[in-house]
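I am attaching a structure below and will ask some questions about it afterwards.
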Amino acid sequence: MTIIKVFEKPKLNNPILIEGLPGVGNIGRVAVGYLIDELKAKKFAQLYSEHFFPFVMLHGESQIHLLKNEFFYWKAKKKGQRDLILLVGDCQSLSTNGHYEIVNKVLDFVEKLGVKEIFTVGGLATGEIEENPEVLGAVTHPELIKKYSRFGIRFAAEERVGYIVGASGLFLGLGKERGMKGVCLLGETSGFPIVTDPKAAEVVLKSLTKILNVKINMDKLDERMKEMEKFIKKIENLQKKALMQISKEEKAPVEGKEQLRYIG
Amino acid sequence: MTIIKVFEKPKLNNPILIEGLPGVGNIGRVAVGYLIDELKAKKFAQLYSEHFFPFVMLHGESQIHLLKNEFFYWKAKKKGQRDLILLVGDCQSLSTNGHYEIVNKVLDFVEKLGVKEIFTVGGLATGEIEENPEVLGAVTHPELIKKYSRFGIRFAAEERVGYIVGASGLFLGLGKERGMKGVCLLGETSGFPIVTDPKAAEVVLKSLTKILNVKINMDKLDERMKEMEKFIKKIENLQKKALMQISKEEKAPVEGKEQLRYIG
Amino acid sequence: MTIIKVFEKPKLNNPILIEGLPGVGNIGRVAVGYLIDELKAKKFAQLYSEHFFPFVMLHGESQIHLLKNEFFYWKAKKKGQRDLILLVGDCQSLSTNGHYEIVNKVLDFVEKLGVKEIFTVGGLATGEIEENPEVLGAVTHPELIKKYSRFGIRFAAEERVGYIVGASGLFLGLGKERGMKGVCLLGETSGFPIVTDPKAAEVVLKSLTKILNVKINMDKLDERMKEMEKFIKKIENLQKKALMQISKEEKAPVEGKEQLRYIG
Amino acid sequence: MTIIKVFEKPKLNNPILIEGLPGVGNIGRVAVGYLIDELKAKKFAQLYSEHFFPFVMLHGESQIHLLKNEFFYWKAKKKGQRDLILLVGDCQSLSTNGHYEIVNKVLDFVEKLGVKEIFTVGGLATGEIEENPEVLGAVTHPELIKKYSRFGIRFAAEERVGYIVGASGLFLGLGKERGMKGVCLLGETSGFPIVTDPKAAEVVLKSLTKILNVKINMDKLDERMKEMEKFIKKIENLQKKALMQISKEEKAPVEGKEQLRYIG
């Protein structure tokens, strides 16, 4: 069961889908989230799924927050730009089959809105701190390599690693089955348990904004990322504790007060 | 597969849903169960689900008992009171996605009966024995904080913990998606393997009965809780043994006679 | 996905369902299997399910055997007897939710054939070798205790253990939801890894045949059980190896030749 | 959710289904893959499923590759030959119930194309290096033993092992439920972590091509197998790493750079 609730039905002309869901280094989530803020894209739909963690988060002012993915749109302002649908969210599927269900549901939705091209954004874990991270790319069709090589993307992902797990890969794989074309942009990142990687997010954003021919102010990226990092760290810790609680049914304090702060 | 069997279709006017399913410290289950008894609320429907443990319990007089959740209703007796639907039960979902399925099924059901407001009751594990436990709260909408602050609820749950697992959280999260409003009442409890916590259940009941403007006799709470505790302990032990039997396929006596008392 | 394939549609008058699927000590499987043989009951349907292990067995003459449950019928021969539907099989559900799906599917099927009464047969593991095992019972409705006490059944199962896992319990629990009545007969057995227990199967058969008012020859029980035991041991070993292969993806010989005899 | 995308609807006369999905020693995959190449069979449909691993692979030229199974057809060229549908693929189901769903979906599909006979190809792990591996066989119906004994197949699989896990067994078991007939050809192989076994693939191909009365050039088998082996090794390693990443949520470098090359 995956449900998309639509608040508004924007008229979009041949829009591109940009996906930035949580993943390695949270590069996609941070980069696309920042892009949404800078473009002042408008939220028009949201998705929740039984394949998400079965908990709600608590935010400031004791407000509950259901885990969800959110759709934003932005209309081209000048020639050389494209209408955009941007997808960000709190999490991906907890189950393996849930990934396919959610991605197909989103593709059904955006296909009706006219999407034929997809960019997914993720991270490539290298195991080292990257001073000058590159953007590696992967494509659904060979001709896209030539088209996008000049945007600072090195199409050599397969030399480094052999697969892409989750939404960033499946949007392209399942999108291609529907006749869509797509590119995955991967920012090199250490993969160490740092929640976000400013350098990786920045270098991916640089390529992406060049491709989309939009200009955004990168100055606030560090600051915005620190804010996002607080939220993302929280949700990742909660997912870990919730996984422990769900799978081990642990109700006794064994490790100290921190672990005990759970509710149900 | 989740099925709600309806015995009676009460005519209710703008009822409030009060949820008390098993969770941390079983606060909700005990508190709402006691409220049902004291109000003499009437059972009108029951739910079972493939997401519950696949066993039946045995009660006195060798009677089998299918795991279920039960719906009770109570009609307002005087001005300032509201019609109520009260939900209690033996267990929650065994699977993560089952939580969403069951909560959505219940919301479909109570939405048709006119429910637009929800109170869920649970426990917040602190790791310490609480001599004077507080009631912490969380809300679907900010304006509810002001509305309910005067009932002895401290809306600061997010300072203490970041998420609510299972029904107590999802009823609010998924209810909000349907335009409902709700509050989660959490009684501070140690979280130690004591099955029920009288003080926590009592302090939550005090707030809840004030909010609902009903008067109930609290004297029998301790006694009723000891009875419930016997049943709840049994079902929790059975769930542990059943989980062992289901997951490890253990058919040999390895730990002594106690562990062997299982049937299938 | 659970499918029942029907070969014949017998006209049955108010039949009783007798369930004997694999469980503790395989008491039910052996006892009901023997009853089917002695009564010369006729197979009329079979069931398979995606919730069974995803392997086929190999029998003599290299013949593949899909895991299934089988339905037999027997028509009453004289006054005081009842038409019977007897259910035996290779296995139960691998997943927890699958138990509910399969039992409900069977109940849909037998309800259409007129079933309103159910007997399930299982084992109660005591942890000791039982020289004179008893038959313990559990019921859906209290009045059944009085009705069946005189058949050598002691209705005290709840003193010994608190739950029944799988089909033997769920047929009664879910059957009761449909207005059916039922009794579970449990033969005391050690629970040690002996595949079948002749004494337990025999004492349960004695009660069951008295209840059903049928006379069968018990002499061949030991012999038939040894034959069944060979088959049952094989399928249990295969389930263990298959579980290992499925969950650990073990393809290397680590323990010796025996473990390696697997195919895929 | 399992989807078969059809590119072409060939007119086939009483075709035989030959199944060669990944399994023990990858015998089936390699043998049937080679047969497809040598016969120049034409691809006409492909299948993907939510039960496959939720990742895409990366191939040369940074191209993403969705995990799939592929259908090829070949029309008989002379008397004594039969039209063929050949099935190969990247993987089988990750979940136990998914095996049943996928096999039934394929059987629905090929049944409409006229398939009544099935050959599945797999490996039998013996734990020893086999210098002169045999082909063992298993059948849906006893009369098939006599029919196929003269093709170098020894019908004694049940002496060696008791079950067949996954597609190679379920195609026959579930096919038989639909009135189809089938044979499983198993090449003896060590089962050691060598990805492919040339001798086993060759001896199975010899029997299969005799049965099908087709002549193919076996010279390029070794060479083709080395190419396939590279791809198969990659996908198996990726499945292992992906399983680790999916189940343990491991995002930190703990074992060295190799483990870190993952993307999402």
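Labels A, B, C and D are assigned to the chains in the order they are written; within every chain, residues are numbered from 1.
Just so it is clear, a residue touches a chain if its C-beta (ideal position, glycine included) is under 8 Å from a C-beta of that chain, and two chains touch if they have at least 3 such contacts.
None of these values were measured; they are calculated from a predicted model.
K.L.:
Nearest 5 degrees is plenty: how much rotation brings the CA atoms of chain A onto those of chain B?
P.N.:
It works out to 90 degrees.
K.L.:
Please tell me whether the contact surfaces of chain A and chain D are same or different in residue numbering, using the over-half criterion.
P.N.:
Homomeric contact, different residues on each side for the most part.
K.L.:
Need the CA-centroid distance for the pair chain B / chain C, whole Å please.
P.N.:
35
K.L.:
When the C-alpha atoms of chain A and chain C are each averaged to a single point, how far apart are the two points in Å?
P.N.:
Centre separation, chain A to chain C: 50 Å.
K.L.:
Among the residues of chain B, which are close enough to touch at least two other chains?
P.N.:
Each of 98 in chain B touches at least two other chains.
K.L.:
By the document's touch definition, which label belongs to this structure's chain graph: line, ring, star, complete, or other?
P.N.:
ring
K.L.:
Please list each pair of chains that are touching.
P.N.:
Final set of chain pairs in contact is A-B, A-D, B-C, C-D.
K.L.:
Can you tell me which positions in chain B touch chain C when the two form their complex?
P.N.:
By the definition above, chain B touches chain C via 1, 3, 5, 48-67, 94-95, 98, 234, 237-238, 241-242, 245-246, 249, 251-253, 256-257, 260-264.
K.L.:
Across the complex, what residues on chain D touch chain C?
P.N.:
Listed in rising order, the residues are 23-24, 93, 96-101, 104, 122-128, 136-142, 145, 155-158, 160-166, 168-170, 172-174, 176-177, 184, 186, 190-193, 240, 243.
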